[in-house]
Amino acid sequence: MTETTIEPYLRNAWYLGAWSDEVADGGHLARTIMSQPLVFFRGPDGKAAALEDRCCHRGAPLTHGNVVEAGIECGYHGLIFDGSGQCVSIPGADSIPPQTKVRSYPVVERQEFIWIWMGDAERADESKIIDYPHHDDHAKWPHCKQWLPIESNYMMMVDNLMDLTHLAYVHAKTIGGNPQAHSRAEVDSRETDTGAHYIRWMEDATPPPTYQKAVGFEGNVDRWWDFEFVAPSSVIQWNGAVDVGKGARENQDQPGFHLRLFHSATPETDTTFHYFWSAANGYQQDDPEATDVLYSEIAPTFLEDKMIMEGQQARIDLDPDRPLVTIPSDKALTHARTAIRRLIAEERAELAQAAE
Amino acid sequence: MTETTIEPYLRNAWYLGAWSDEVADGGHLARTIMSQPLVFFRGPDGKAAALEDRCCHRGAPLTHGNVVEAGIECGYHGLIFDGSGQCVSIPGADSIPPQTKVRSYPVVERQEFIWIWMGDAERADESKIIDYPHHDDHAKWPHCKQWLPIESNYMMMVDNLMDLTHLAYVHAKTIGGNPQAHSRAEVDSRETDTGAHYIRWMEDATPPPTYQKAVGFEGNVDRWWDFEFVAPSSVIQWNGAVDVGKGARENQDQPGFHLRLFHSATPETDTTFHYFWSAANGYQQDDPEATDVLYSEIAPTFLEDKMIMEGQQARIDLDPDRPLVTIPSDKALTHARTAIRRLIAEERAELAQAAE
Amino acid sequence: MTETTIEPYLRNAWYLGAWSDEVADGGHLARTIMSQPLVFFRGPDGKAAALEDRCCHRGAPLTHGNVVEAGIECGYHGLIFDGSGQCVSIPGADSIPPQTKVRSYPVVERQEFIWIWMGDAERADESKIIDYPHHDDHAKWPHCKQWLPIESNYMMMVDNLMDLTHLAYVHAKTIGGNPQAHSRAEVDSRETDTGAHYIRWMEDATPPPTYQKAVGFEGNVDRWWDFEFVAPSSVIQWNGAVDVGKGARENQDQPGFHLRLFHSATPETDTTFHYFWSAANGYQQDDPEATDVLYSEIAPTFLEDKMIMEGQQARIDLDPDRPLVTIPSDKALTHARTAIRRLIAEERAELAQAAE
């Protein structure tokens, strides 16, 4: 049996705060992360920033105001805060007391992500941000993406992705597939330093119609499903296939069928999260319609997952500590859960030591 | 003054879980009883079962899945549970660990009711189920029925039915009637072993137009209103009239006007319940339209009761222990409240003794 | 820094319960004040009364019933309560036990207000009710008014009105104005026995177009904004202008431009209130359209304030005791907050002494 399914958070870690295009030039975005209401905004210089969404003067949400030259202006009495959270203008005041500031959060924008650090600002280390170069390469990896609010603990997304046997049930009416194929498959799963990884191979197999249509294989293929959970809450997925006999196991990154998905679950509260996903078609890259078709086929499946994850949470809320039963297909999921618990325990030990 | 109006539950008792026709062949129904989400389902063999609506694997609601040959299949990873709650299939597993099961609840289906036992399964005794043969006799008792969700404690329904003086106020615009008629009437009320009973007689009276139209009386009638509260939460109602001089008091069950209603209040939570009612016309049985007319006249009155019961609960929620004032028409209601408290106290004493 | 922004209530004080025309002849109004659900009603004699909205018999809301000759009749079993809360009729009962009553609250109706006293009835002193004669003088002060529910603590309204610098930000798209004008202005603010008062003068100024259109000034004017906070929660506002050289400072009440607003915030709960406002045009009194124009221009601004006050409350709810930062324009607001705290402290001391 496993323990509670509501995981606490890793504090000192980068979370995906927003897609870059959710924060327009001169615009702002209200988003709650780890129960902290935030305002993401982008000044005229194009630089993104994140502040707590609460003016220090009378508590008004800064998201009721406007982005101006010097920062974000409170919509109540016009105080202006720059990207560091420091107040730079108080209408009617000759000086600005230093405590006139709001908390700011480190953000790093790259590869179409705005990453945010919710922990101690001094510990923010950009080198720990996931590298996902596919977003930079629109020619080779045209892609589509979405944000979805989900009413469940963030780890439900990781559970979901780390056990593919759900495809035949949750997605029976969409991408579905044969229940036996995934549940009987040999899965190579292991914990990693930063999370967990699993891969499932299907060798010398007839390519499915969608693969065939996308790439035009002439014979059988070696197929794989590759999932990497990277703590705190991202999952990098690579579905692929190459012609039999080309040594796919030794070199996955060769011509064939390639579909890459990026999933990230950012906690909004203990029991809700933001689901960010992108899907990149590494096939028919010259045909913009291929990406549109991919989106229209894949987007509904996330709503199917949303329903099931929210149903889980509703039941878990009734008795969060009630044990669950483990089955064989939970192998990779268990590695992911073990990893996040280990990392949270390490963080706590580190913080306790630092406090001594 | 009376005490709190929010009653606890009698645990070891049969409650009305669903109307038979709410659970289709091969279908399922989500319903929460006593704060426990349940799935009622009916397998291909037509037998009804009730399980907790939570898969033991990852907590997903079973009501997101489908009924299959062997039981109900979880919509997340395909585990199948039979009517006893035992898991009979785990995709990808060679064996099924015995703890792979969910709680099942005894159910008995008869007379168009699906009764459920929420207490200790070993104590479930079918002989304690209310016998209501009128539902089996469609020729003599054609009937209509409904399920309604009510946002109040279940005993508000019993209170409501045990004091007919509300007719002139709550139902002033529908079935209504003369306020004086009910409030001044002599009522014979008493506690019973299983609840409480009252009857009100009006003798040598002119039959009301609806009775006249239904039966065609030639002279005056002896009329009665007969209500029996059967714990934990059903009320059996019989409105009737027979020709004067036929000895109605000694034998109510003779030709005349007969209307039978069955009411049952199944707790969903402490402050919400499921209202089930059926109404059988023991007159004009050959005219299906008579039952339709009965339904269209009576169904709106339950919405009037719903409004008042929910209004009561909203006030009681503010201070559940605040006393209420008793008035003369509360006589039968008080018998019902006394009975349910006695039965709950007896159950607790019995359980305490068993625990020694 | 200031302390918590959620103020407790002054108990022994008159609050604005309703506009007179919200309670029709023979009608009733459901309204919760200080977490107490109330029914305001007006009998055939035209006299207004306020009772707790809960029948003492079975807890049903009296607002589900009707006003009758003798008082308000419960919609469940027909008990009737007069304006003092005493039951005067129980259907089916020969006598009425004296405890058959509900709590009544002193009300005083005058000048289009129905004032209510939520504290000890013996302490209710009509001489403490605000005098607002402008409502009685429709010829000189034609006016319009509104009730608005706001999801914030009642003192947010007082804060809002005691700092005019918000005009340029909250109302930028409506009445707006120049941010510098208000924030740099000298404000004469002081605490009073019953609250706080401030006035801002702008002398020898060009009259704004709306003033010009309303009154037809020929030259410059002396303008003022006069705000008086009267505890527990009313603010009396007077915007005016008269020709330069007419001694406006010594005598504001002379021909010119005059706009009077009355604002009152009645707590519904700790974090919600009823906003009542009226606006009287002391110009173009002969043109009913002038009052309509005033309403259509001013009503949307209260929705702008509602949004910001509710936004504040949402943030304050997260940590009600978290300090706020004071800025220069908070001067009058701080006087108002100091006053209400002093009065609440005095009331508590007085009650403590009385209890000895």
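Residue numbering begins at 1 within each chain, and the chains themselves are lettered A, B and C in the order written.
In the analysis below, a residue touches a chain if its C-beta (ideal position, glycine included) is under 8 Å from a C-beta of that chain, and two chains touch if they have at least 3 such contacts.
Keep in mind that what you see is a predicted model, and the values were worked out from it rather than measured.
When chain B is laid over chain C using CA atoms, the rotation angle comes to 120 degrees (nearest 5).
Because chain A and chain C carry the same sequence, their contact can be compared by residue number, and under half of the numbers here are used by both. Each chain gets one centre point, the mean of its Cα atoms, and the points for chain A and chain C are 49 Å apart.
Shown for chain B are the residues in touch with two or more other chains, of which there are none.
Residues 1, 5, 159, 163, 165-166, 168-170, 179-180, 182-184, 307-308, 311-312, 314-316, 318, 324-329 of chain B are the ones that touch chain C when the two sit in their complex. Listing the residues of chain A that touch chain C in their complex gives 35, 37, 53-54, 56-61, 64-65, 73-79, 90-93, 97, 99-100.
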